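Consider the two complexes below, in which chain A is the common component and chain B and chain C are the respective partners.
So, the complex of A and B:
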């Protein structure tokens, strides 16, 4: 059974061995480490959430392995590369429990995500400082209202699926960036709320054995409810019509808030259309059976 | 069936080229973008279409040619590539490595020109030789007839030499309304059929089936010839106007190359391929209501009325209308005016 939060940590066998009864996201820097990382988690008293491969090359340069089948795997690649180099591995790739994360810095990169998803490979478009918002809008529309079936494109699929006007649901978990879902452990065993933690003050604990205390700490509570600060000291996010979807997730990533605001405002319409479509696809129940006696 | 132009650049200068107004009117760098490749695959699949033809210009000139072919195949399409076979060694190596094994999902139609009647530079001939040597089993030969004294010996030789598919796709060079390409005049259609029939013995001996592209009129084929054609093609005979839909790199759409400037639309105006087909069928009906066929006797012809023969291609009718005004429908007059101004 899953227990939140899960822990995101670099592949370090001693760290994994030190943990008990946790769900782990293990980050590896090389494909050669995947097999060992899976084995280390399985040999420990923990469960594997997924492996994240930080692949600092195009996806087409990665040699996929048969024994990755059954391992939830995220590959963060810098670009797609050429389809012909990937084509010989496509059958294998489709058999894997794989998601490919690609940056969304240009229209061409957005089309790469679209292409991969259309070939049945789940993807995530990674927002950053250089996001091309027009391309993001096209991709989001394709992700939610595309006329042909395709693999999910995150974070759009997650946001649209969980969008609820009356209930808060952050979407940082698709990028392991949500403290009530994922906490981050560095090589020294220090625990942080966010993946970007770098300064010592950003760490909650310096002792991996005190993980059970983490969720009771004031800093943890503050982080979980960090969205409130946009309204306590009203900023651009507090006034943004796209807040209902964004929930301030990109507040620190995007400098010019007019860009992401326009995007999420448009997405609001698209997400509503998406949910209407989904509801219309649900099988209609027989009106007369609904009130039948039990 | 949709024809998708990957690029408007071409490497050859065929005298009969019926795509030349399209090619000459487009920027040389125009290429189909990946965004539009994905859009087209979705558009066609959503329309229930699982076959696509990739054309140019010369489609292999697109820098991502191999990737685009693989993409359509991976989306479940059967892909037909219309090529001259002229490509550089690097591109051919990519084709050999990644496409040669796709025998169930890919075919090439290589338009071959008679080395004597339509001579090409030595370099071009060598390139075609390399292509046919490498990809022969995937290649169906194609030949465009633009003169009545055409010869097919070199085609038969190529089929045997390179192990090509034993089907010859025969096209009649059509007029570009208002333009000056080499094409077969309606009055010469009978001579073309006679000439083709003179090769019956070779077709039979080598077990090669001839297949007609659009525009051949049934009335110019005598009973002996039609008997031979019926037998050799196993009954798959067509004397229609296929109305192929050509989609350009900028996502314009029109009803075959010779009509590239007649009722040209944007693909984005339509939701499905069926909508596009309905639009151009309506266009063809209005033209045929004005002029039933390429011959005066098409009016009242039983073959045309029973739809065994289209009475020639729409492009041939428009070509005739260009020199025989006035016509009745304003819509057609407007289209002809657009053609004249484009030329």
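So, the complex of A and C:
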């Protein structure tokens, strides 16, 4: 059971030291900070959820380290780079508890994600303003229905696993963007509900230590229930055939809603097919064992 | 099962554009009194105690039934427990509310009555529902409705909604279908045509043909994904009855409402249903004066009792869909023809939808069980 809330915060030892008994996602801007960030969390009274490395270069330019083994690590890279250069570190990469996040702005980038996953490296395809939705559809189909072995590709794997006809569940947690799972702290210790918080009004508290009443704050309630605003001020999302999966998660990211709508509509079909397949793969009970003596 | 529509009050906080309760000249805005409520449970207990095979549904209706307040439902639960000690397990309660008055305080008494799912109605189109007789404030209504939904969901209650198809709905049937089914994970929705009996200043009325095509625009999507939208009617109910032969009908299609339904007004006056009470038809007297058995045997019900036989040998004699609709709601027939012994104009909608959309898309042709039996002498 995931303790609530997990905190997403920049690597700032004083911030980490202020917190007690929390699960932390520590964001670092340089690979050189990873070791220190892990040490700071371990030295505190908190637990490490994961380290997020914001790597503003291609993945192949990152020099992976042996002592990252055992550290849950997300690398947000701008692109894959050259696969042959990455392959030199492949043995080490496979030993790490790593997920690679790559943008999905072109068919070539989708192929890169597919290649990494086929090498056994968990990935996340990052949706953005420039997402290539046709490529996303192909990648999603591969991720969920592909027959050859590959590592999970998010957010598709999470969405398909957790899709429930009886209950809505958000999938923002794969990108730490879900206020009932993750709260965000800036360098001044201000607490926000969303990673994109920039204006002062976007912060719940100015004091990191004042968190016990967060769930009672109207802003928190509104954020958790933010999907309902699509129905109060009807927009394209409320009438979207793919709503049951997307739930408006990309409403502010994607301008032309016809593109993501077509994608999530297709994904709904695939997710249902995926779940049917999963159910059919569940091991059958051996009926003869039922009557075996105890 | 006997269905008792308990009209808690005719008052409503919303002025829905198509509702004839809020516009009727002599509204009973008072809440059903404790005396009527007590009499209701006493009558129900007597009825159920006479025959252990009997069961009963009490449908809290209005107006807006939650305007009666939390105390009303607390009292109802207490009276049910006190007056129906050995029969209450055969009483099923349900609630039809616009949800805008729901607060967390209602949850406990509703749960005590055995209610864990409620019926509601909604329209995302501006100006159809909302407070304000002249200019409906849909924004206010929608916020209150969504708050009610949230309270229900947090309490673990289910809910399903009725959507009334008006002329404004015809512009985007598929968009409405997605909007309404997206509102909740299971998306329980019933599409009903608007029924107007007087002036139509807002131009809401639709023809049966327009209703058919509204449904027809949605049906291919529903049929393809019917497991995704399992509770969407009339598609679900027609599929159950045509494909699965389940023979479960709404009151309007069952042809049996003469023996199953009664409406209790806030003052205890009994009629057939909400509309018959609104139109001063089928007056079965007062709950204070008659038992439920007497009410179900009331001579005023005679035209309803005869209706099946009359229609089956006249207007509906050659209709292969007779066993699906039984001529439709007798009150609809009255509205058109001032007689119960006619089929309704909406029969054509049902027939039209099945012939134009349901059968071609599903590939299933409806033949009633009666029609498929060999004829005598064959």
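Worth pointing out:
We adopt the following convention: the second predicted complex is superposed on the first by the 283 of 294 C-alpha atoms of A that agree within 3 Å, B and C clash if a C-alpha of one lies under 4 Å from a C-alpha of the other, contacts with A are read in each partner's own complex, and residues count from 1 in each chain.
The working rule: a contact is a pair of C-beta atoms (placed from the backbone, for glycine too) under 8 Å apart; a residue touches a chain by one contact, two chains touch by 3 or more.
This one's a predicted model, so the numbers in the text were calculated from it and none came from an experiment.
Room for both chain B and chain C is found when the two structures are superposed via chain A, with no clash between them.
In the overlay built on the shared chain, the residue A:241 is in contact with chain C alone; chain B does not reach it.
Of the two partner chains placed by the overlay, only chain C lies in contact with A:167; chain B stays clear of it. When the two complexes are overlaid on their common chain A, residue A:115 makes contact with chain B while staying clear of chain C. In the superposition on chain A, contact is made by A:228 with chain C only, not with chain B.
Touch criterion not met for A:61: it reaches neither chain B nor chain C. Between the C-alpha centres of chain B and chain C, as viewed from that of chain A, the superposed structures give an angle of 110°, to the nearest 10. When the two structures are aligned on the shared chain, A:107 is found in touch with chain B, with no touch to chain C.
When the two complexes are overlaid on their common chain A, residue A:82 makes contact with chain B while staying clear of chain C.
Nearest C-alpha atoms belonging to chain B and chain C sit 27 Å apart in the superposition, given in whole angstrom. On the side of chain A, the complex with chain C involves touching residues 164-168, 225, 228, 231-232, 234, 238-241, 243-244, 268, 272. Those residues of chain A lying in contact with chain B across their complex are 82-84, 87-88, 90, 107-108, 111-112, 114-115, 118-119, 138, 146-148.
Of all the residues in chain B, the ones that touch chain A in their complex are 33-35, 37-38, 41-43, 45-46, 64, 66-67, 70-71, 74-75, 94, 97-98. Every residue of chain C that touches chain A in the complex is listed here, in rising order: 124, 139, 142-143, 146, 150, 172, 175-176, 178-179, 182-183, 185-186, 221, 227-228, 230.
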